[in-house]
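Some notes on the structure that comes next.
As written, the chains take the letters A, B, C and D, and residue 1 is the first residue of each chain.
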Amino acid sequence: MSALLEVEAVTAGYRPDLPIITDMSVAVARGELVTIIGPNGAGKSTLIKAIAGLLKITSGAVRLEGTLRTNLEPSRMADAGIAYVPQTENIFASLTVEENLKVGAQILGGRAARERIAAAYDSFPDLTAYRRQKAAVLSGGQRQMLAVARALLTRPHLIMLDEPSAGLAPKLVTEVFQRLAALARTGVAILMVEQNAKAAMAISDRTYVLAEGRNRLDGPSAALIDDPEVAAIYLGRAGRRA
Amino acid sequence: MLGIALYLVFFLIVVTIYAILVMGLNLQWGFTGLFNAGVVAFYAIGAYGTAILIGPERPELIGGFELPFALGLLGGAALAALAGLVVALATLRLREEYLAIATFGIAITVQLVALNFDALTGGANGLIGLPRPMFGYFETPNLYNVCYLVAVLAIAGAVYALLERAVRSPWGRVLRAIREDATAARSLGKNPTAIRLQAFILGSGIMGLAGGLYVGFIGFVSPIDFLPILTFQIWAMLIVGGSGNNKGAVLGVLVVWGLWTISGTLISQVVPPSLQSQAGAGQAIIIGLVIVLTLLFRPRGLIGEESVVSKHVRAARVARDNPSSS
Amino acid sequence: MLQAIADGLLTGAIIALGAIGLTLTMGILRFANFAHAEMMTWGAYMALGVLTLFGLPTAPFGPLTFGWPLLVATLVAAGLTVALALLIDRLVFRPLRGRVGHLTLVFASFGVALLVRNVVLLMFGGRATYYSNELQMSVEVMDGLRVMPDQIFVFCFALVLAGAVYLFLQKTPLGLAMRAVSENPSLAGVCGIRLGKVVMWTWIVGGSLAAVAGVLYGVTVQLRPEIGFHLLLPLFAAAILGGVGNVVGAVIGGLLIGLIESLSVLVIPSGYKLAIPFLVLLVVLFVRPSGLFRGTSGGR
Amino acid sequence: MTGTAPPILEVSDAVKAFGAMRAVDGASFAVAPGSITGLIGPNGAGKTTLFGAIAGENPLTSGRVTFDGHDITRLDAYDIYRLKLARTFQIPRPFPAMTVLENVMVAALDQAGEKFWNTWLRPGRVQRQERQVRERAHEVIAFCNLTGVEDNLAGAISGGQKKLLELARVLMSEPRLILLDEPAAGVNPALLDTLVEKIVEINARGTTFLIIEHNMDMVMSLCQAIVVLAQGRVIAAGTPDAVAADKAVLDAYLGEVAA
């Protein structure tokens, strides 16, 4: 399997003396949809923030298509084809919807940007009505759509999403996941962190289960979805950690 | 020889007064992390306050209460503390730099009042003929100056001792805790706003005290003594010596005021009078360079460097090994 | 009264130009730059330097006291001001950024302000000077309102420039990037915006505006090395009044500060005029610290 | 059991809104005095927000918090600590440039020397009290297994020791209720056992605990009562067994399979 993204034994955190994740490894192949789940404090968000260049990696390596990309400035990671959608504050509330998209398309410039933005409205027609309004007026679901639409403008090889379903009504959650599944079929690799574990596993190819800053389980989602071990990691009925 | 000795006395009085000023600033910045960009204002308020309280009655002037010097001194310090209260109340809950902007503003305002409010401050001429404390008891002005130096040294020593006691007490511990993590300090029952307010007001009062002592020394006040450059000089003194360390602060006064005096003397000898204003700029550039270069290359100053870490450890160790002291 | 309003608007327009640069630095670089106003002094004197150095003729336009030479000199001065701003950022602010608390940046800017002011003093001396010795007669526009042609020009020019900056921020990709960074630097980085480039452009825009504002001040009032020092407080007051990071707010804040300063003379002696921005600032901080208009998140 | 005693902490209809987003959306629950109560729930359920609101860091938008008979809804964090309700932080927040001993000493309540004038006017009293505070701090440090590092700078001790320091500091106030935010996060198993042991011991001396924790082994074995929060509301409350058997709880954690 030729991996698009390889994360090898990464240790990172907000402070060098207090790593949140330790020796964590993840790989994503082209066009693959990979889910990361795990109880709170597992270090899921920390992992993708570190990959995106927002946190300092103290040891380990991040490779993209075989090239070393550890601790790159976030904007350089974006250039390299990795889009990242944070869980909160993932849009610019003081800018209009159109401007939010323009920020995302800025690397493209001119005509390509205009075309892609037009295409984004086609894929996310709900946003069209708000083009000239401040993004602050959008609802939670619309914000999520805007953030994803913006991330996709540059046609990234890989899009990383931090809890795309957080704070959304159940009906919207379904819709978001369906869209992500459809997106993966177009060839974009997706790495997403989710709390909505079962729904996320249902649409993804592979799943990593993290706990307490380390890898605990991984494998095809279909195999893990009914694995009692996963529930045990969440609710701890398998007894104390080995 | 006598001339040099007398000049030295003069020099030392000014140094001691500035040392008090720097200790006030050190309490605000060094121990509490509050940026006061208007040091000169609090110094001037103390000076004018004292002058107005002790000055002889004159029909054309407001004030002239002819109070004893000690009361005047305290009154001046209290007025400076009050000014500190006003700016701190307005800004302490907001972005940190708003305090810097507001103190800069009060400095400008005080300068304008000194220049323009003739009935209170004597305007550009200032207030002259102020009584110097116990002047009549001395045979010569020189002897008086020597004694004044002793008195000022004693007061500076008292301020030093009181401040050291305060910053090494539980109060000082809370100051440091708040400076390091105000949120954690709040969760442990400390009110950051109240403690910062105390430190800022106390520091402002000490600056005012320095101003009053200056008045007692020269016997008059005028706007010339309170130019904005003084704020920068005091800052340079503090950070050269090492903020958060009162000994360092005193050392900084000697170094910076020495540099200033020597460069000033040299300039007045070498540079023709027509270029004096440019020469003054040269002196100010030295102060600016001192500030910027110290921040960049030696942020803890000359002797603040290692002691910040080891001091607390040592204090704690001494305290533990010897529980009856401290 | 009418005269005071006109004078206030004129000063206000110049304050507004300076405040735009200041509000951008406070919004994007996230610290209160005490050296910003000194960029105005620097710019004003660089223009004077260019004029004297090349002995350019006055060549006034119509009723104005100046002509193309001053415009050229202003352009050069803007360039030199930007150069100085970038140099200072490189030597002082960048090494400190991220390494220390942001209050130390404020402190450093305080020292830099002293340096810039005195370098100007060293180079040009402390006397008040003018770009031109041409005398200008004021024109009676209406009953009780006399203005100089220069003043009308300066006012219009300042407003046009402020409008241009507004359009730059609203309509250009770079302006958009600056607004994005101002709201959320890390999200902007994730979106592919180079923070270093935005920082550089913030200095370019802020520095050029400061230079132009300095020259305009020199044209309508006079040149003194203290102009920046005296304008610092009005600049801060305007930026905070308008909501930090908000360019339109800074312009309105600047005009308001100019007006209040000018009208205050009707109530209190003119010697206290310089203290008015401080009083306005105190009132704003007590009553509505977030400013009249919504600032960016950098303002909080 | 303590069933008849009035609750030591009562949260009623708590709402905390950030703009249109309601992080806490009408949560109500009570904590029995002397208990160790767990507060669990999936990410984004509003647990830490609720903690912050109880501890006075960011007051509720609406609703009421009563502690020990006092209405503390609008009190500031420092006043709440003075009422002997203490909280710890999920990521420890020591004062890094102060020693461990100083970190602990600073947390003592009612220190006369915290008023600077007392250090001048009543030095004797300040010193006497300082000695008592230091002794007590040494006891607490010993209790928390931090003996030996008390003179180290708090920024330079290990992550686990920082966790213990968090606990040690709040013990200085002899709190009646401690809010612990994820005590087990980032802690190795050996240290975890120590932490649990300490919590049990402190609890035995009469201090109530409300604990946010994701380590379910710890929660299930330690807590007598559990409150489950999801999307800002209490979806279940009761004994560990009852909560563990509740299907709604597992659904809240794992979500339901999307259609």
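Everything below uses one rule, namely that a residue touches a chain if its C-beta (ideal position, glycine included) is under 8 Å from a C-beta of that chain, and two chains touch if they have at least 3 such contacts.
Just so you know, these numbers come straight off a predicted model, no measurement behind them.
Colleague: For the chain pairs A-C and B-C, which is connected through the larger number of C-beta pairs in contact?
Modeller: Top pair by contacting C-beta pairs is B-C.
Colleague: Which chain is most remote from subunit D in terms of Cα centres?
Modeller: C
Colleague: Using mean CA coordinates as chain centres, what's the subunit B-subunit C distance in Å?
Modeller: From the centre of subunit B to the centre of subunit C is 32 Å.
Colleague: Starting from the mean Cα coordinates of subunit B and subunit D, work out the distance between those two points in Å.
Modeller: That gives a centre separation of 43 Å.
Colleague: Using mean CA coordinates as chain centres, what's the subunit C-subunit D distance in Å?
Modeller: 50
Colleague: What pairs of chains are touching here?
Modeller: A-C, A-D, B-C, B-D
Colleague: Which of the residues in subunit A end up touching subunit C in this complex?
Modeller: 52-54, 73-75, 77-79, 83-84, 86, 89-95, 99, 102-104, 106-107, 109, 150, 154
Colleague: Using the touch definition from the top, list the residues of subunit A that touch subunit D in their complex.
Modeller: Touching subunit D from subunit A are residues 14, 17-20, 39-41, 139-140, 163, 165-167, 170, 173-174, 177-178, 195-200, 202-203, 212-213, 230-231, 234-237, 239-241.
Colleague: In their complex, what parts of subunit B are in touch with subunit D?
Modeller: 162, 165-166, 169-171, 173-174, 176-177, 180-181, 183-191, 198, 202, 308-309, 312-313, 316-317, 319-320, 323-324, 326
Colleague: Would you mind writing out the residues of subunit C in touch with subunit B in their complex?
Modeller: 31-32, 34, 92, 95-96, 100-104, 106-108, 110-112, 114-115, 117-119, 121-122, 125-126, 229, 232-233, 236, 240, 269, 271-272, 274-275, 277-279, 281-282, 285-286, 289, 299-300
Colleague: Once bound in the complex, which stretches of subunit D touch subunit A?
Modeller: So the residues of subunit D touching subunit A come out as 20-21, 42-44, 91-92, 155, 159, 162, 182, 185-186, 189, 214-220, 244, 250, 253-259.
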